[in-house]
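Naming follows writing order (A, B, C, D, E and F), and every chain is counted from residue 1.
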Amino acid sequence: MSQSLAVIFNKAPYGTQSGRELLDIALMAAAFDMNISALFIDDGVYQLLENQQPDILNMKNHSPTFKALELYGIETVLINQEDLSQRGLSADQLLNVADISPSSNINQIISRSDFVFML
Amino acid sequence: MSQSLAVIFNKAPYGTQSGRELLDIALMAAAFDMNISALFIDDGVYQLLENQQPDILNMKNHSPTFKALELYGIETVLINQEDLSQRGLSADQLLNVADISPSSNINQIISRSDFVFML
Amino acid sequence: MAIFSLLVTANPHSSQGQFSAIQFAKTLLNQGHELKRVFFYADGVLVASRINCPPSDEYNLTKTWAKLAIQHDFELTACVTVAMKRGITNATEAERNALTGDNLDPAFEISGLGQLTEAMLESDRLVTFG
Amino acid sequence: MAIFSLLVTANPHSSQGQFSAIQFAKTLLNQGHELKRVFFYADGVLVASRINCPPSDEYNLTKTWAKLAIQHDFELTACVTVAMKRGITNATEAERNALTGDNLDPAFEISGLGQLTEAMLESDRLVTFG
Amino acid sequence: MKTLYILNNPQHFKQCASAMTEEDTLLLIENAVLLADQLEPRSNYFVLEEDLIARGLSNNAEWQTKDYQGFVQLTLDCDKSVSWL
Amino acid sequence: MKTLYILNNPQHFKQCASAMTEEDTLLLIENAVLLADQLEPRSNYFVLEEDLIARGLSNNAEWQTKDYQGFVQLTLDCDKSVSWL
């Protein structure tokens, strides 16, 4: 059975630039046929907001790359329901790449994965 | 009248290494005859704990340098009373370089200083 | 019109502060104010390496600072102590410390913390980006 | 006895993670375990510069990793993409990107993210220091 | 002294706000703009518009906004600025 | 899977703890060791001794301690480790 990896996005984009570098780990591991989950929790839920325009500050917009997750065969892409609603965000403000999921489900994936990375 | 500078230590030592670099700014400005205050608030109060031994992890112990503050003519060295007691720390655990002071007094110094630096 | 200096302590590779500082600098210059000096301290000095090589579709902060400074005649000064520690050095300091190589971008200079104090005393406003 | 690999993402200049990683590496080696590879990613790659020059009374993390790796025969691998962005480069990459200088310490190598995945799959334990 | 507090880290809001007096001004920048969705607006609190737009949050905030031109002007209107890190 | 959570940032304690199950273990390292003075000890919570000593806090904690040898052993006793950043 192939090994599993969960990458946890828990920081908002741009203020820290870890999102893009964590995403690169997920895409690489997918190429090695690992079983990947991408999990968006806490301020990491802001990574998936639509209409990001960091180019007005000359920063690269890495959010379109999240659409590549499916292309790379990464099917488990979950965003934490409680963290979304606590921030007053709703599904229609988000890129259409993640399923909304309760904490208990997300925690189960963290617990079951062979490797877990944050950045 | 000479210009005044307040440096605010608000982070614990070693986990982040900003304490030493902030201290260097204070010492340099003192050499320019600026009127310096060194303020220790929040987790910055841990900077002044006695018996630090970071050398066991091969990190340099910069806490003795706080004793140089007086040598450089920096007389206003204050540690926040509320932040100390909230962390269960008492005066006898601290290097003997700072006066314990209420927030209101510390905030007044921040307000009155011409320059304020954190790191 | 006012004279500004900036203190930039933000890591150019993993935080936003350098982008914010450049935007702030451009805006104040557009408004006709003067920029005297940008002083780089802590991880901020990492921007001063001429061999920083971001992907071609990303902004090159080092070159942007350099271009802006030449165009508007202000100083880009990195603190020597924290720069040496972080592997940012010019030929002179490299030789003095027996290092095999140097990497300071020619638009930047390495100097002491006194240049920060001087900037504080000789500018109307000092703004920090960390 | 187990085979370990480490993932080190901590900034060597402004956080503690590299000190912790070295302590962890020394301890596991002392206990007779094997260290296969230390993979440096994000700001962790900054430790791979041979011109890092801390004050003489401070620990030189670059030299410590180098010495430990030679002594115990494990690999020090920095991810090429994030290293180039951060101004960490070897002669080959410098030439390819028309950079005027290089700074990779000879004990380190620059390679792709695949080396991290390989370390994950070929070690009993992977521990991250960020 | 009328002070402009510049906050870029949402986790330091409480610390920063507790140092402010009523004549002081607060400007949220970078990731601290996320707070504008979570905290009550005030007459002396502002949020940096470009950082909201960068994050796709431009329509949400009830806070007063400043663009970079306004940011520069705030540093001149106040006697000094404190970047709360 | 029995997991060792390694926490170095005190501000992320709540996040980290809420991801843990009862069979998991928590080790506080670096600046997170400061939490040992502020939180209740638990049977599956440990704090890294060297980091306490480094900060002059060695006498305070009521928490169970592990030294680096114990830290390495914990990573072997658990099925995997998660460094919560």
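In this text, a contact is a pair of C-beta atoms (placed from the backbone, for glycine too) under 8 Å apart; a residue touches a chain by one contact, two chains touch by 3 or more.
Just so it is clear, the model here is predicted, and its values are computed rather than measured.
S.K.: If you walk touching chains, what's the least steps from chain B to chain F?
M.R.: 1
S.K.: Going only through chains that touch each other, what is the minimum step count from chain A to chain D?
M.R.: Step count on the best path from chain A to chain D: 1.
S.K.: Where centres are the averaged C-alpha coordinates, which chain has the largest centre distance to chain F?
M.R.: Taking each chain's C-alpha mean as its centre, the farthest from chain F is C.
S.K.: Answer with same or different: of all residue numbers used at the interface between chain C and chain D, are over half used by both copies?
M.R.: same
S.K.: For the interfaces B-C and A-E, which has the higher count of C-beta pairs in contact?
M.R.: A-E
S.K.: If you average the CA coordinates per chain, which chain's centre is most distant from that of chain D?
M.R.: E
S.K.: Go ahead and note the Å separation of the Cα centroids belonging to chain A and chain C.
M.R.: 33
S.K.: In angstrom, rounded to a whole number, how far apart do the mean CA points of chain C and chain E lie?
M.R.: Roughly 24 Å, centre to centre.
S.K.: With chain centres defined as C-alpha means, what is the inter-centre distance between chain C and chain D in Å?
M.R.: Here the centre of chain D sits 27 Å away from the centre of chain C.
S.K.: Which chain C residues touch at least two other chains?
M.R.: Residue numbers touching two or more other chains: 9, 13-16, 20, 23, 42, 58, 81-82, 126, 128, 130.
S.K.: Can you list the chain F residues in contact with two or more other chains?
M.R.: Only 8, 30-31, 50, 80, 83, 85 qualify.
S.K.: What are the residue numbers in chain A that touch two or more other chains?
M.R.: Correct list: 14-16, 18, 57, 59, 115, 118-119.
S.K.: Touching pairs of chains, which are they?
M.R.: Applying the touch rule to all chain pairs gives A-C, A-D, A-E, A-F, B-C, B-D, B-E, B-F, C-D, C-E, D-F.
S.K.: Within the complex, which stretch of chain B touches chain D?
M.R.: 14-18, 57-60
S.K.: Please name which positions on chain F make contact with chain D in the complex.
M.R.: Touch residues, chain F against chain D: 6, 8, 29-31, 50, 68-69, 71-72, 75-76, 80-81, 83, 85.
S.K.: Across the complex, what residues on chain A touch chain E?
M.R.: So the residues of chain A in touch with chain E come to 12-16, 43, 46, 49-54, 56-57, 59, 87-88, 93.
S.K.: Within the complex, which stretch of chain D touches chain F?
M.R.: Chain D reaches chain F through residues 2, 4, 9, 15-17, 20, 23-24, 27-28, 31, 33, 125-130.
S.K.: Which part of chain E faces chain A closely enough to touch in the complex?
M.R.: Listed in rising order, the residues of chain E that touch chain A are 8-10, 30-32, 34, 37-38, 50-51, 53-58, 60.
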